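Next come two complexes, and both contain chain A; in the first it sits with chain B, in the second with chain C.
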Partner chain A sequence: MKLKSWLTLYRLLIRTSIRSRMQYKFNFLLAAVLAALIQISEFLMVAIVLHKFGAIQGWSIYEVGYLFAVMTLSKTLYRTFADEVHHLEKYLVSGDFDQLLTRPMPVLLALMPQNFRIMLGEVLQGGFILCWSLGGMMKGGQVSWTAVPSTLFIIGTGAVILFSIGLATATIGFWTTRIGELQTFTEDAARTAAQYPLSIYPKWMSSLLLIVIPVGFVNYIPSLYILRGELGAWVLAASAGVAIVCLAASLRFWRFGITKYQSTGS
Partner chain B sequence: MIEARNLYKEFKTPVVREGRFSGIRTLFSREYRHKEAVCGISFQVERGESVGYIGPNGAGKSTTIKMLTGILHPTSGEVSVGGLNPHKDRRKAVRQLGVVFGQRSQLWWDLPVKDSYDILAQMYDVSPADKNQRLNQFAELLDLNEFWETPVRKLSLGQRMRADIAAAMLHDPELLFLDEPTIGLDVHAKVNIRQFLRTLNQDFGKTILLTTHDMDDIEQLCNRVMVIDHGQLTYDGTIPSLREMIGLPTSIRIKFRGAYHVPEDLDRRAHSHLFRVTGMEDDTVMIEANRTEVSTMEIIRIVGTWGEIDDIAMEEPEFEEVIRSYSAS
Partner chain C sequence: MLYFTLASKAYARNLQYRGAHMVHNLASAMFGFMYACIWIGLGRDHPLGEYGTQGMVGYIGFTQAALWITSFISNGLGIPQAVRTGQISLDLMRPVHLFSHMAARECGQIAYQLLYKSIPIYLLYFFVFSLQTPQHGITYLHTAAGLSGAAYLSICLNYLIGVSALWTTESSWLYWGNHALINLLAGFFIPLEWLPGPLESLAWMSPYPYLLYVPTTVYLGYGNAFWLWGTLFWCALLTVLCLLATKVVRRKVEVQGG
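Then we have the complex of A and B:
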């Protein structure tokens, strides 16, 4: 199959997913409103923290806002395209994963467009905080316009890293079927922790967040260079490198996991 | 067309822990429950055959089909479908298969039926001309037109199954796997689906392998039957010889209005081999007959000469039971 027809198929599946969701218009709207409300309350939380404490261990309010925004946008990008990877458990429990395996296409490519999410609330919230913090730093002369393309770049590599972590966690479900609690740990807790500068944590924990679950490479490490000029431009390349290595490793693990799929009785 | 060599599948599930953090504790648990679902099955199916795969619940039917279609990887043993290994070369192998699971739809639940066909055509690289030509054919044979525009979730079970079978054949595969295609359907829907499958097999030369609990499916569709029990093939052969082996009698209970008279010389009459009397009560006679040899009407005609029939109750031999007792012996 040629690349062009893969893309056509992928677009068709995404359109299908959106159309399916539109069948339940009320639910669709309610979900959108609720997501926006959750985002607003999350934003208020951060705003209060920043307002109360201002700088955190030498990190200014703008810098912390930047870390938060990059993480939110990376996560949004990951979840927009690959929300079903995060929700693999329901396919394993119901046995619906069977259907995906009978399709003549890569399983992930069949799985991901099953539910294409339009996460407008997250995009607006993350975008707003990002503009606000970058704007503040530009006005203060800390960063220049060159920070914008670098930021977009690390949002992309960050999404790949988060996707890889999500995929590796989901793959464990082929052995355990249930993965909810593990996800709380590897995805939610790790991501929440990395919304703040890793230097505030004890050494073992920041190492954990850089080596075992490399969420630190989503926002913290690159921002050392982008915002503070520390380390060097190679940090961006290193982040991309981490993203590629994570992706390759998690895809390999995923392919191995599929051979251990147990399906369900009928 | 299909070749299974020494297929073996063992399920290994960690024993689930109770209580807090059960997920993580289960993950690190070393306790496993082992279950051998399929133990050493080998067979070959030639092009154009129509094979029924039967056995009691939990015997390993679905597990076998899932291994043949590349969904499950066997613990050991090898599969080849149409010359390809569905585990090493899944994408290519499944392209030449049609797969239908009676309990599960492969259609897009919230969209009109016709939209699912558009997506599948794109997925399997079927040209619009081929798609339309095949769908016209299927629509005629399976009466798809009546629910063409209906969202799949609003279809009746029979309609959904017809739509699903058409979907599985849209890319014109040589080989069709069906797991319980008639489960839960009414008689009319069953007849319709059997007719379609027969057409596929006899007129288009498609190879079919199906599992079922319905003996009529087997009798009307299959020229070969395989019986699996406890993960092992216990029978592989033609239907007539299976019928001979499992030709268990139907028990019939006949209630007479008033007096009746069973002829004493029953054993010596011409129809004596057709049934035998197993018991007599006040106003009822119990007989056993092999209904592959004698029709119910014939029995009623003969028994009707004994007295005035009030009521008849029949008990078919339970197919599952038959298979089980056959496997046990």
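Then we have the complex of A and C:
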């Protein structure tokens, strides 16, 4: 089949997924409220620290807000389309993965639209913090409107990087079946760490967050250029390059891992 | 005796997964390590109140270890799962009170998490960050009392979350909501005195500070053993609430699965 027909199929599956979610409107709303509450408490933890101490290692409230917002929005984009990659363990443990293998389409394409998540709470919250921090910096003359397209660009490349990290982690599940522990490390801990400027961490840890689990390229490295004019415009190209390399590598790894899949469950 | 058996079975069941849990401990320890790094980074530019950098690292080390006995316990004590499968109807038929039955089982789980999660994680931080230990023997006694009270409070909170599964299929959102409140109001990452005024007052009106903040500050010597009366008060109040909730539950059994 051609790419176009894959896309049509993908759109159809997403529509089906949304329709199935909307059958339980009350539960959908409840989950949205919950997500917003968790998001707000997460941001409050950062905000309270900033409120108390002003700046972190020379990074102002607006700058840290920006790091937080870019990370939130990238993660939202990744989880909206590929939440099931993050929840692959469920399929591996129950044996439901077998079903996906029998579909006449790439497994990833069958997996991703299983649950298209509408993450309204995260979009609103991330968007609000982004507008607030960019607005604050524009008023102070730190950045100009050109920061807006660059920001949208890095949210996109960031989502690709987070997706690649998620996919590579999930692939390890083909050997270990359980991946929850590893995800805590590669997805949750790494992402939480990158909500703060990486310069506050010891050298080995910031290198880890740039080279092994490259979450630093989602928000920290690009914002060095976008917000502070450090490094140079090539940083944006480099972030995109990192995103492409990560995606290619993780897709390759996924294709290799899938050949090692052994069914479990009953 | 029955309760002891329930607890020891829950403990023994977990022993099967010791290896996996040890790997998980490394991931959990990473989180605490990251939080400690944030405070060390902040401590370079700012004096961190009466704690100081080393004090804050000790604070994070202790809360991160204590989490495993006072916060991260079974989602709703496993009641939502029982409602889903229909097991709840059998549990309610037993000649044991539902609350004490569930609480005893969770005690075994908590004992396991104390031995295989909290203690290894704390030992790791102890050596990595060269943490200090309290100087007075009585502090250990107060800390143990504070932690036991906190574990019991957590059981009560999760019981209330668990029984809500009889009314809604989405009781897990309450569990996560509870976590969000722990992050914010229990002193999980920021000591309560640094919260903005209204939030701090709000925290002290809730049972949350007694889950983490009180045992931790008592252990580190910044706190006041007098606060433990607060723990006792909340334990009593939540026990009454749990008993009342069970009364209502007995009249409203709705089995989802079979």
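Keep in mind that, in the parts below, the second predicted complex is superposed on the first by the 264 of 266 C-alpha atoms of A that agree within 3 Å, B and C clash if a C-alpha of one lies under 4 Å from a C-alpha of the other, contacts with A are read in each partner's own complex, and residues count from 1 in each chain.
By our rule, a contact is a pair of C-beta atoms (placed from the backbone, for glycine too) under 8 Å apart; a residue touches a chain by one contact, two chains touch by 3 or more.
Treat the numbers as computed from the prediction; the structure is a model and nothing was measured.
Contacts of A:16 after superposition on the shared chain: chain B is touched, whereas chain C is not. In the superposition on chain A, A:172 makes contact with chain B only, not with chain C.
After overlaying the two complexes on the shared chain, residue contacts for A:189 are found with chain C alone; chain B is out of touch. In the superposition on chain A, A:104 contacts chain B only, with no contact to chain C. In the superposition on chain A, A:181 contacts both chain B and chain C.
Of the two partner chains placed around the shared chain by superposition, chain C is the only one that A:200 touches, whereas chain B remains out of contact. Using the contact criterion defined above for the overlaid structures, shared-chain residue A:234 touches neither chain B nor chain C, since it reaches no partner. Looking at the shared chain after the overlay, A:57 reaches chain C, while chain B stays out of its contact range.
Judged by the document's definition of touching, chain A residues 178, 180-182, 185 lie at the interface with chain B and also at the interface with chain C.
Contact residues of chain A toward chain C in the complex are 27, 30-31, 33-34, 37-38, 40-42, 44-45, 48-49, 51-53, 55-57, 178, 180-182, 184-185, 188-189, 192-193, 196, 199-202, 205.
Those residues of chain C that touch chain A in the complex are listed here as 20, 23-24, 26-28, 30-31, 34, 37-38, 40-42, 44-46, 168-170, 173, 176-177, 179-181, 183-184, 188-190, 194-196, 199. Those residues of chain A that touch chain B in the shared complex are 1, 5, 8-9, 12-13, 16, 19-21, 23-24, 95-96, 98-99, 101-106, 172, 175-182, 185, 259-263, 265-266. Residues of chain B that touch chain A in their complex: 11, 13-14, 21-24, 26-27, 58, 62-63, 66, 69-73, 87, 90-92, 94-95, 97, 99, 101, 103-104, 106, 108-111, 115, 118-119, 122-125, 151, 179-180.
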